[in-house]
Amino acid sequence: MFFLDHIWLIPLFPAFGAAMMFFFGRRLQKATVNAICVGAVVVAFLFACFTVVEYTHFAHGTGRPLEKIVYTWLGGNGHLNFLKKDGTTASFNADAGFLLDPLSSIWLLFVTGVGMLIHIYSVGYMAHEGGYYRFFGYMNLFMFSMLTLILANNYMLLFVGWEGVGLCSYLLIGFYFHRKSATDAANKAFIVNRIGDAGFILGALTLSWYLGSFRFTDINALAHSGHFAIGDPVLTIAALLLFVGACGKSAQLPLYVWLPDAMEGPTPVSALIHAATMVTAGVYMVARSNAVFVLAPTAMKTVAIIGALTAVFAASIGLVQNDIKRVLAYSTVSQLGYMFLALGVGAFAAGVFHVFTHAFFKALLFLGAGSVIHAMSGEQDMRNMGDLRGRIPTTYKTMLIATLAIAGIPPLAGFFSKDEILWQAYRSAYGSFPYLWLIGFGTALMTAFYMARLIFLTFYGQPRMSHEVEHHIHESPKSMTGPLVVLAIGSVCAGWLGVPASLGGTNAFGKFLEPVFAQETAASVAPTAPQEPAGEEHRGLEWMLMVLSVVAAVVGGGWAYGYYANAGKGYTEPIAVQAPPLYTALYNKWFVDEAYDYAFTGRRKIGDVRLGAMGAGEASSWFDAKIIDGAVNDVGWVTRAVATLSKWWDKWIIDGPLVNGPAILCRFPLSPIARLFEWGLVQWYALVMVAGLLGFGVYYVWK
Amino acid sequence: MSAYKNDQTNDASNRALSSLDRSNLDLKTPDKTYLDSNELIINMGPQHPATHGVLRVILKLDGEKVLGTECVIGYLHRGVEKIAENRTYTMFAPYVDRMDYCAAVSNGLGYCEAVEKLMNVEAPPRAQYIRVILTELQRIASHQLWLGTHALDIGAMTPLFYTFRDREEILKIFEKYCGARLTTHAFRIGGCQYETYAGFEKDVKNFLTFFAPKIDEYEALLTTNRIWLERTKNVGVISGADCIALGVTGPVLRASGVKWDLRKAQPYAAYSKFDFEIPTGENGDTYDRYLVRMQEMRQSMRIVEQAVDAIPEGPIMGKVPKVIKPPVGEIYHSIEAPKGELGYFIVSDGSTQPYRLRVRPPSFVNLQALDLMVRGLLVADVIAVIGTIDIVLGEVDR
Amino acid sequence: MVPITTLHYLVVAAALFVLGVIGVLIRRNVVIVLMSIELILNAVNLNLVAFSRMWGNLHGQLFAIFIVVDAAAEAAVGLGILIAFFRNKETVNVDEIDLLKW
Amino acid sequence: MPNFIMSYLDSKEALTPGSAGSQFWALIYVLIIFAGVSVAVIAMNWIERKLLAHFQVRLGPMRVGPHGLLQPIADAVKLMIKEDIIPAEADQLVFWFAPMIGLLAAFTVYTVIPFGPSQAVSDMNIGILFMLGVSSLGVLGIVVAGWASNSHYPLIGALRSSAQMVSYEVAMGLAVVSAILMTSLNASGTGTLSMIGIVQAQQQQGVWFIFKFFPLGLIAFAIFAIAMVAETNRAPFDLAEAESELTAGYHTEYSGLRWSLFMLAEYAAMIAVSSIAVTLWLGGWMRPFPNLLHAPAWDFIFSLFPGLTFLALAAIALIGVARMPAHSFFRIQRIGLAVFAALLGFVALLLLVIAVAGRSADMSVAGRFNDGIDHVYWFVLKVAVFMYLFIWYRATWPRYRFDQLMKIGWKVMLPISLGVLIVTAIVGVIFS
Amino acid sequence: MNLAMNSALNSTINSGMAPVATPWFFYVLAGVAVISGVLVITRRNAVHAALALIVTLLAVTGLYLMLYAPFVAGVQIIVYAGGIMVLFLFVIMLVNIDRSSKERRFNRIWAVGLGAACALLALFVFAFTKGKALFPDRGMPLAEGSNTQEIAKMLYGEAGRMGQYTFAFEIASLLLLVAILGAVIMTKKKI
């Protein structure tokens, strides 16, 4: 039980690395930085592995959570109390506590694992960048925050991690702070995340106000206790608020806008934070709060719809983007939409499974893209690439695998997880949502298309880059390709953990997670939607759907092949040819950023009017100048009028007979007498003394 | 004014060389730092018993404390250097005796040696020895005069009479040798003017035996006298570095711990043949200067003793033409006069008269240190310091 | 000749006292004002000693001695103030000592 | 003889004229003392010059009279007929009478100096206080002289010397107080400020106060001896007239008679303070061991001393005559010196006659005269030692600097004298 | 002259230790005191005024001696004439400015001051004439010879008892100490 007892050490390893970088990083050699930071993550990964192994022994398949409270961080002594909704008081209590259950085990493993790989990759990728120690310090700090997030046993500590990863995201997006676009992107990410964070903290507080605790175990227990009806409005509101937070962190509509811009950061950062780990924090949080969501079907539906819309929306944008990282970014958003779709339809396990597989292939894609960019001397535009497959073969191969995986080609990882989601959407335990399936299906088609487009534009066709760049193209170092290969293996194999029963698999992944999600199925769902046995009768339908999606993938890929396989300089976009307005809309990301600029930030005017934050500023400025100041000025005018009157009164009445009168009185008859006593001539005072002496003398002599 | 304020203590080590900057010394306007009636500007001299002649020292005082001084010189200016340009080399020799009239022999030695060097002739050994003997006797006489007047300045009357009594013996020897007591003109270019008289050696030896206990007598009066110690210790302190910066030489320099004596450093005449030591002081205060001069008298006696014993026979004049016409050129030659480095710079245009003659008088240069030495001290110390610098106004003004 | 009685002394003392008062009241020089105060104190002393003689005991003389002590203290402090004042204003005229007037 | 003359002489007690109320004799005494002190000062002038010269291996005045004996007279005449210059910018009036103040102060103190038990103008109850007070008035003369000259050096000199005198007065006064304390160590426990009383107290206690409570008395005496040198502005404390610094100090602008008055005052003050020292610590007029050697025979032997001293002086003069070169040039000098020797011899004879005549008649006029001569002789002898010391100091020591002087006065002498005073008081209480 | 002296002699001898208290002395001393007192307040030059004050003080000292108060007289000389007045002269020389001797001697209100002082004098004269009978012709007997000792006894006490004025004496010494410190601190240029 050593590792379980010392589970709190896992986040501390990267924290140590970050602290070292913070205090001494400037003076350290690169090798030392590597040793400390990468070493810390490696140790954390190994520690995590052993911990999970021990946990499986501990749980014995029951999935009982392991909760370890290190110390009480906020409240807990009874002095910090609050009033619950039902009128009873509860003690505000936030622990520095750690919760390990199957859900967090999975996250723990892939966060540390993928993180470790990306750290190793970064050693190569960042070798020639400035701020080396800074980068790794931020990365380690991110690892610490993320691990805190996933190991937290309550919303408050989770929020600490949540904010920590937000901070690290901000810092790393703005890593090239000398570039204005980078700092702008960082600010954008930070601000958009703030919206989500506000929702999250409100949701968490609402929950505790309602349930009296921040602890997941307590909340789960209460939610399962049956005291709360399904559709309880407070829980619905709380769930929706939490989802707002998830939208922010996981880049869902309408808060997804920061993620594509976040590609300004270094590519490993994009891979680690903005593809594999941090953006899944929202998924994790919703999955973690599943008990609450289950009691709020409205919220569930919202999640599902938002997820589906996000998926198709982002995929559509991804169809026409030219920046290789942006394509991947929209792909990420789209895939996150898939996950939320899964969560929304109640397929928590499927969603989590997709997170798991997605972590591999998306990290792989990003790292591969990074490798391509590395090879292209920093070029990110796919229009200037082409015919790279022979020149950077390892990257090509691994990226191809990842593409196949994300497109859903069996038996690669994406196929299993995506089809699980689609199947669940079509027919989940909570109901049937064919239209959502349809959206998902369309998205899958688009996914296949844009991913194939990426591959063809990058690795096939004719070389479109300049000669200097072409001359410099080279395969990346081992520290970069190594992780690619490992991740490629993961992309191939990860899916096999969750081969559905319909394909003769055991869905071990779902089984492993079952304890986390099974209870509410039993507790609350059963009455409303009777458990349908995963019967044989649906297997045909399921297969059919699988075939359809595979076909969609192939078709999408085929289209892309048709259009892009031989793309030379000045190739044409098929959509631009077929539907130029649509292309414009897609190319400009549906004008969402512009809309936000008009509506929220107010950076752009509609006619003469500015809306949004700046508009509010202008409006309040106008209000201030015209209304407030006007009122003040009017008051001033009144005051002046009164003052004129008062002055007249003062001058002619007060100063006249009342003030100057006595003064004149003093000056002529009185002051000479008074001045006799305060003359400033010492001898006068002595004279007064002599006068007194005379007076006494005369009195005594004549007495 | 701040420069003065910092000089609160007598501790001269606090005073950096930068205090040499005398632009602060504004004698015209009184110090307005605080309204203080104690601020005085006083003329010490030119008629003053303690300025050793016609030196005028303008003292700016805060009460009794000296804020600054300014020496006004020139009351005894006779244009010696200008006169040289209108006299032949031989004719000019007596004039130099009138500069430091307390050490006329040394002045003559310096001049004669300078001209000899210019002409590239050498005085014969016997002349060299006679020169050494007379010059060292003159050094003793000069120091005696200094001791007497210095002690008198500080208030001890008696040493003056003692030293004058004993100085008389030296002057008698001079008188017997060349007929003059004060402005001797004992040497000529190329050697000595006169052969020694019969009994010269005996007289000198008699003097040495006579004088040895007399120095002890002086020292018995002063060296351990408490009041003398209080008046001279830590008074007029000047560091060796300051001395060098100001060009101060002679006993003043040596008392500040710099072992610099031209008799050793650039031996002239016959000095390289004699065994003697250079006494030095440590603190550079008035007391050290006193001790150094007392020691110098003893050392001079040693030199004279050796010289008298080893005086060779031979001619006393070198091969010098009747008409002295040095080759065109210039020469600087300096000797260790009793008061410091006495230098002659002669420019010859090949005629019988110097084109230009410039004297580096030790008194004049040493007098510069007065301001540095007395700032922050009291008026009474100014007297002591003027005495201890040992100036002769005839030499300062020339 | 009239024998000298206490009254004679008192008359002298009164004369000195009045002279002192005049000095204090009309002289401008602070030093002289202080001297006039000494004059007043002396007049008082003379009175005390005369009465001591008259009553045949020494208390008057003792008082006179204490007044002398007091006069010494007064002179020291008064002149100290004067010096300090002079240093600041370069005047010893009492009618120019009027800083507190405004 | 009128009564007012004889009544004093006939009185059975040995009283001073002042105490006895004899105004006539007081006047006589005053005249005698004034003349005597003036002569002494003039003699001092000669003695100092001669002694100083001999210290300094020279002869000093030799021309005016034999061995310059008439030099003081010549000096006096010269000073008196010299033009009395008063600087134009000086304060005429003050300049004129400033020397008088010093002279007055210096001479007034002689009214209470006891040359003998009755050989004083008056025996004041506050004698020593009077002496200190009046001698401190001498400062005024110096200050005023320096101020009136309206010149820098005299002003500085005046301020210096007045500061010096005021400072040393403190230590001096405290030393005096410790001696006065010793007078109260008698049966009644009351001391005295009377000069005669102080000497008598020494006689009663059988010890000179310099040896009392050894070394307390000696320390107090030493402080007084130092302070009195400073008080009279003599070397090594002669800062006020340090000729090398301030040309001549406060009397720089003075010349002629007025200058000589300053000299007179200075020497008179020297004698006066020496007299205080003698009175307070050295037994005043008492001959050595009056209590041990009190037999009449001893009285007689000691009463021969004045005559013998003059005889010795006459002998010295005769030796001088004999040593004169046998040259006609020295004839007048030789005759003069011989006459001087004869004069001294005559005085010696007279004194010896008085000593013999006054031997047995105790209260006779002759006896009292004899006693008086005796007392005055011993007193003057002791004072003469101090005068010699003054000259010796001057020949030997350099001059102190002003700050050193002040430092010694306030930081050394004052604490020591205070300490001595306190310890004396404690010891006195213990032993009385 | 003879007679006067004789009578004086007789009277003094009769009264034992009486001082020479003739009226002539009194009138001379009183006259000197008053005249020099006038000089004190009229002299333009402060040094002259100080010298006149010294004369006054000495005259008053003489009066003390006539009043059988030799100790007070001694104190007067040593403290006043020898100490305070030297201090005055010192200060006058320190603050000696030629300006002051060329300015007006008297202030603006001199007439008023003089009037008040004259009124005071008139009051004194009136009081003395009115109360003349109250003063005895001769004083009570007062031993002069032991004056100092008597004063000492009153000041310090005797035979182990504290004197009547011991506390006053101590306080006076404290006052002096304070005055010394105050004067020193005030006159120091830099504390």
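Going in written order, the chains are labelled A, B, C, D and E, and every chain counts its residues from 1.
The working rule: a residue touches a chain if its C-beta (ideal position, glycine included) is under 8 Å from a C-beta of that chain, and two chains touch if they have at least 3 such contacts.
In this text the structure is predicted, and so the values were computed from the model without any measurement.
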Exercise. Treat each pair of touching chains as one step and give the shortest count from subunit A to subunit C.
Key: 1
Quiz prompt | Between subunit A and subunit D, the fewest steps along chains that touch one another | solution = 2
Exercise. Have a look and report which chain pair racks up the highest count of C-beta pairs in contact.
Key: C-E
Practice problem: Could you give the separation in Å between the centres of subunit D and subunit E, each centre being the mean of its C-alpha atoms? | Solution: 30
Self-check item: Centre distance in Å when subunit B and subunit D are each reduced to the mean of their C-alpha atoms
Solution: 46
Quiz prompt | Gap in Å, rounded to a whole number, between the CA centres of subunit E and subunit C | solution = 9
Self-check item: Computed distance of Cα centres, subunit E from subunit B, in Å
Solution: 61
Quiz item: Which positions in subunit C touch two or more other chains at once?
Solution: 21, 25-26, 86-87, 90, 94-95
Practice problem: Can you tell me which residues of subunit A touch two or more of the remaining chains? | Solution: 681, 683, 687, 690
Exercise. For subunit E, jot down the residues that touch at least 2 other chains.
Key: 71, 75, 83, 92, 94-97, 107-109, 112-113, 116-117, 120, 147, 189
Quiz item: So in the complex, which bits of subunit D are touching subunit B?
Solution: 52, 55-58, 152-153, 156, 235-236, 238-239, 242-245, 247, 394-404
Quiz prompt | Residues of subunit C that touch subunit A when the two form their complex | solution = 21, 24-26, 33, 94-95, 97-98, 100-101
Practice problem: Using the touch definition up top, name the residues of subunit A that touch subunit C in the complex. | Solution: 678-683, 686-687, 690
Practice problem: Flag every residue of subunit E that touches subunit D in the complex, lowest number first. | Solution: 2, 5-6, 8-9, 12-13, 17-18, 20, 45, 47-48, 51, 54, 70-71, 73-75, 77-78, 81-83, 85-86, 89-90, 92-93, 96, 144-149, 152, 158-159
Quiz item: What part of subunit D is in contact with subunit E in the complex they form?
Solution: 2-4, 7, 19, 21-24, 91, 93-94, 124-126, 129-130, 132-134, 136-137, 139-140, 143-144, 147-148, 155, 158-159, 162-163, 166, 169, 189-193
